[in-house]
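Structures are listed in the sections that come next.
In the two complexes that follow, subunit A is the common piece, with subunit B as its partner first and subunit C second.
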Partner chain A sequence: MHFPPVQFDWIAAVPMTLLSVGGLGVLLLDAKGKGRNPLVSAGAAAAVLVATLLWFVHPLVPHATAADARSFTSMLTVDGLGVFVTVVCILTGLGTLALAPSYMAREGVKAGEIYPLVVFAVAGMSVLAMGTDLMVLFLGLEIMSLAVYVLAGYQRTVDGSVEAALKYFLLGAFASAIFLYGITFMYGAAGSVRLDLVARALASDNPNTVRLAQIGLALLLAGLGFKIAAVPFHLWTPDVYQGAPTPVTAFMSSAVKAAAFALALRILRVGFGAHPMLWTEAVKWLAIATMVVGNLAALVQRDLKRMLAYSSIAHSGYLLAGVAAGHPAGTSAVLFYLAAYLAGNLGAFAVLVAIGEKGDRNLNLDDIAGLYKTHPGLAFALSACLLSLAGIPPTAGFFGKFLVFNAAVKAHMIGPAVLIALTSALSLGYYLTVIVKMYMAEPAREYITEPPTVGVRLVVVASVASVFVLGILPSLVQGLAEQAAIPLP
Partner chain B sequence: MSAQIAFYVLALGALVSALGVVLVRNPITSALNLVVSLCFVAGLYALLEAHFVAAVQVTVYAGAIMVLFTFVIMLLDLGTVPARTGPPEGIPKATIMGALGAAFVGLVIHAVRGDIRVPTTAGMAPERVAELGGNSRLVGELLFGPYLLPFEVAGVLLLVALVGTVVMAKRDSVAKSTASRRNS
Partner chain C sequence: MIPLAHYIGLSAMLFAIGAAGVLVRRNALIVFMSVELMLNASHLGLVAFSRFREALDGQVLVFFGMTVAAAEVAVGLAIIIAVFRSRKTVNIDELRSLNG
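Take a look at the complex of A and B:
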């Protein structure tokens, strides 16, 4: 052995090991039962996610401070950002697992493999959230993406789903290639793909290094822009979100976004934290374009899933504004926003699962007219979630937007700050339309929807509760977000 | 000097055969062009004294993966893309794309012009590699030493890809069997 013995700190690798081995177990369990019992598979997958969640609160695990952060040969680290985002992704995964059985039963799809794939996707997300080496980060990105491509096309017999999967797969593979190309430039610039070594190489201010790193960063941002659906890399989003099974759309819009933002924060803060002039302007303009285009396009949508897809693009814009606003206010605002967005978004999609009919019919603006008269509970839940997405107090979304706005003003980014306020007002146009339709209009037709299952009810209740808890007592999560943001340079 | 000549010959060969991949009409010829291109790239690796990677490039990429490629192409029986008649469509789009691509290439050339020194942390000198026991031994030690984590994570990635393929293929066969039942 010619190398000095490598110090492995296995603790950093526990979450992803738990998730991937657990995913394998769920897969085998499902194969053993021949996929006849989806609830068992869903339960087992949920158990794996909960076990990982419990591991994070175990006393063995270091708390989210810089001194305690553990690493696996400097490629993986358990720090605040990683833990926070992984928990957000696990919670989204749990929501998806709760929604999937009833949705798949309604669509008549045998859905055995959807549960292990969700667990694998979360495993990839945990690698994305905790990786500190571009090679490991890329592998995590691909694990997540591959699992989600398949999930998006799970209804193999439905045209929209196939189209969604194919479009997402082809464009996503292209985006991944661009991201990988960016990594090669980083290696050329720094001689390493470890983000701390990239930062060290940049600190030398060698013009060659900076030039190469600039090109690399541009390519990395393009790849990231695709994953978070930032304008102008957003063109796939509406079709894919509409075509994918609704629980998967919820998963994609919340968890994939959270993991991709963790990746963006990690690269920009750890690798380029000392050189904000290389990326702040670019991210700022991405944010501006994304906020404006996402909100304007959402205004004209009639299909609720499509509307939420454009709303998801718009929210990427607000999050990007937080990223551009810098550290630490912007970073903690982004983390809080991700949690708030998860609550509102997951709840909205859960209601769509509950009121949808086979083939996702019944999800048009006219179809939900008078929902208040037939399903007052669901109408209230959808209203609460949409108000949170719009950013009305006392909901979680309000504080998310407030924190991002605050961070932007502190960073003297007046343009984006004004746009956050303006486009939020604009977004009321489409969110309120839905609410007005539900409460003011007469029911256009009879609802034959079966009562929602326990899983769907749980998700709806938990989402609405978190929307209000985060809105009234934001300090609960805001403290964690601030703590998580501090260790980053 | 001879190394430089070898580099230009290999690089030119790789580029020409890569152009062949996209320009040729017959998919099988296209795939065979890719084999040639991959072999030239293997030569470039050998020139960098990365003999192990060169051998892997030939056996895995030019060998195993390309056999699969040709298999699939022959199974699908794609035939030859017919020659284009009449004026080609999408000229403005292609022009914009081409201009953007050219701009990017220009940017890269601008970035690497002049004195590029790859930082010394990257890689090892060939003499040092030989001293430590040669290419394959070093690759093995690195793979199961400092790079153990990415190695294992790549295993998970392959597993997910495998599961995903089975899921998509299985659904397809279910759909097909019901369709054929309906037809009969």
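Take a look at the complex of A and C:
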């Protein structure tokens, strides 16, 4: 009997291996050193993330421009999209690790598992960003989600936190089940769950294949809609974002969103890139509904975390418009937007960590009145981040929205393009309210907040700096985003 | 031989029952059980397609699905227990501490 030689090419699996093994190491370190300074675990976890980051810039690593590295018969690919999104997720992970120790100390949470869990979640995200096989993507989705469910319920004696975890878990598991059923139909349609083979099967235009693939794609899109919090699948988002610990909310809203959009781009471009008529309309309407509902609901929120949750839904809408706008302008716009959104969003949550009091009180619209008088630096940082989220020049958010708008116009999607502009103007309503409260109103009461720790300061400064750097010199990241987008089919 | 459509029909029915359970039932444990039913519907579909195509990879995919389902049970039950400890109920409608 003759077996063809099997080539085990591990190179594309190096990032997730580094992250998973490193995460286990951090877990062991934490188990051995009970009661030790949490900064040790946080530092170890950060070291794992930085090591993975360094692997990407190592000269031996094949880059997007060269032939892509593939592993496990093309189930994993180190390409531009994968590297770009993984780096975004790792940076968010680092920010979360910097915010978590002071938040957990304030809330009196002793357990240190949050640090390995963040690393495991990033490992799942790297699989999501680099997988090119639906089952591998599903595994990545679950590795990420299971870690994040636990993170959301991390304060397990606090009602809000466990409630958020339960809601996130039940709806997340529901979405995963829908997604898996979609995979089943893709397998039925194509006889394989590898995205390039799905695309090849679709090219045959066999009516049975196309019909099964349509059912599969609809289910996959519904599952994805939950993960990226697109309307009408967004109902869990405000509760979960409000109840989860603030650093975890920052992580969920930036990194999980980035990874889920990598998943969406991968499925729609690699699997269905040649058949845009199967999904463009659906994604366009999702985008429209998400932009409108997210922004309108954010207008009436009083709780800042909840307000940022609806703002995060609204941003999913802009990103979906970029996805629908097609290739390559829409794809690269989405990637740039994810980086810009990360900067503004992480910074805003970092300020919320800094000004919150025990039990996450003090995060209401009235509580931040007059913040400028007591904490001018934090007030400025929050203003810069919110202006970036609103899309005001010269911030990163402006350029991100500009790119998405441009791509939509180029794709002759005038309706969504107009809505991007209109809803952005609407979003000023709630972002500016916060800024006006901070600068114009008198402090409602004495602030007893302790001065922010070094980690929190670092995240705030880095975020504000990136907001302005990306806004003034967008070409730095835009070039990378374009490089990452163009090789996709 | 039973035709493929019967298997897929049964799988679709299981999926629909599971989805209805998630949407209608209020006990977190029953909701979770319904999610498991939906996963099993996918598994049945994968095995049926795999048999129909006379290829093994669909059956291999089921192993991954089962592993994921097991991991979900571990995390999910832990979360449900944590909720029960702090709230003394697992009825979703009674969990309303978060709203704005």
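By our rule, the second predicted complex is superposed on the first by the 478 of 489 C-alpha atoms of A that agree within 3 Å, B and C clash if a C-alpha of one lies under 4 Å from a C-alpha of the other, contacts with A are read in each partner's own complex, and residues count from 1 in each chain.
One rule holds in what follows: a contact is a pair of C-beta atoms (placed from the backbone, for glycine too) under 8 Å apart; a residue touches a chain by one contact, two chains touch by 3 or more.
On a predicted model such as this, the values are computed, not experimentally measured, just so you know.
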First, second, both or neither for A:Y181, with subunit B first and subunit C second: second
Partner chain in contact with A:L166 - subunit B first, subunit C second, else both or neither: second
Subunit B versus subunit C as contact partner of A:L146, first or second or both or neither: both
Touching partner for A:L197 - first (subunit B), second (subunit C), both, neither: first
First (subunit B), second (subunit C), both or neither touched by A:M135: both
Touching partner for A:D239 - first (subunit B), second (subunit C), both, neither: second
First (subunit B), second (subunit C), both or neither touched by A:Y103: neither
Partner chain(s) touched by A:T157 [first = subunit B, second = subunit C, both, neither]: both
Touched partner set for A:Y372, first subunit B, second subunit C, both or neither: neither
Overlap of subunit C and subunit B interfaces on subunit A (superposed complexes): 135, 139, 142, 146, 149-150, 153, 156-157, 165, 187-188, 191-192
Residues of subunit A that touch subunit B when the two form their complex: 1-3, 6, 8, 13, 16, 20, 24, 27, 72-73, 75-76, 110, 113, 116-117, 120, 123-124, 127, 133, 135-136, 139-140, 142-143, 146-147, 149-150, 153-154, 156-157, 165, 187-188, 190-192, 197, 201, 208-209, 211-212, 214-215
Residues of subunit A touching subunit C in the complex: 135, 138-139, 142, 146, 149-150, 153, 156-160, 162-167, 169-170, 173-174, 176-178, 180-181, 183-185, 187-188, 191-193, 238-239, 242-243, 301-303, 306
Subunit A-touching residues of subunit B, taken from the complex the two chains share: 107-108, 110-112, 114-123, 132-133, 138, 141-142, 145-150, 153-154, 156-157, 159-161, 163-164, 166-168, 171-172, 174-175
Residue ranges of subunit C touching subunit A (in the complex, touch as defined): 8, 11, 15, 18-19, 22, 28, 31-32, 35, 38-39, 41-42, 45-46, 49-50, 53, 55, 57-58, 61, 64-65, 68, 71-72, 75-76, 78-80, 82-83, 85-87, 92, 95, 97-100
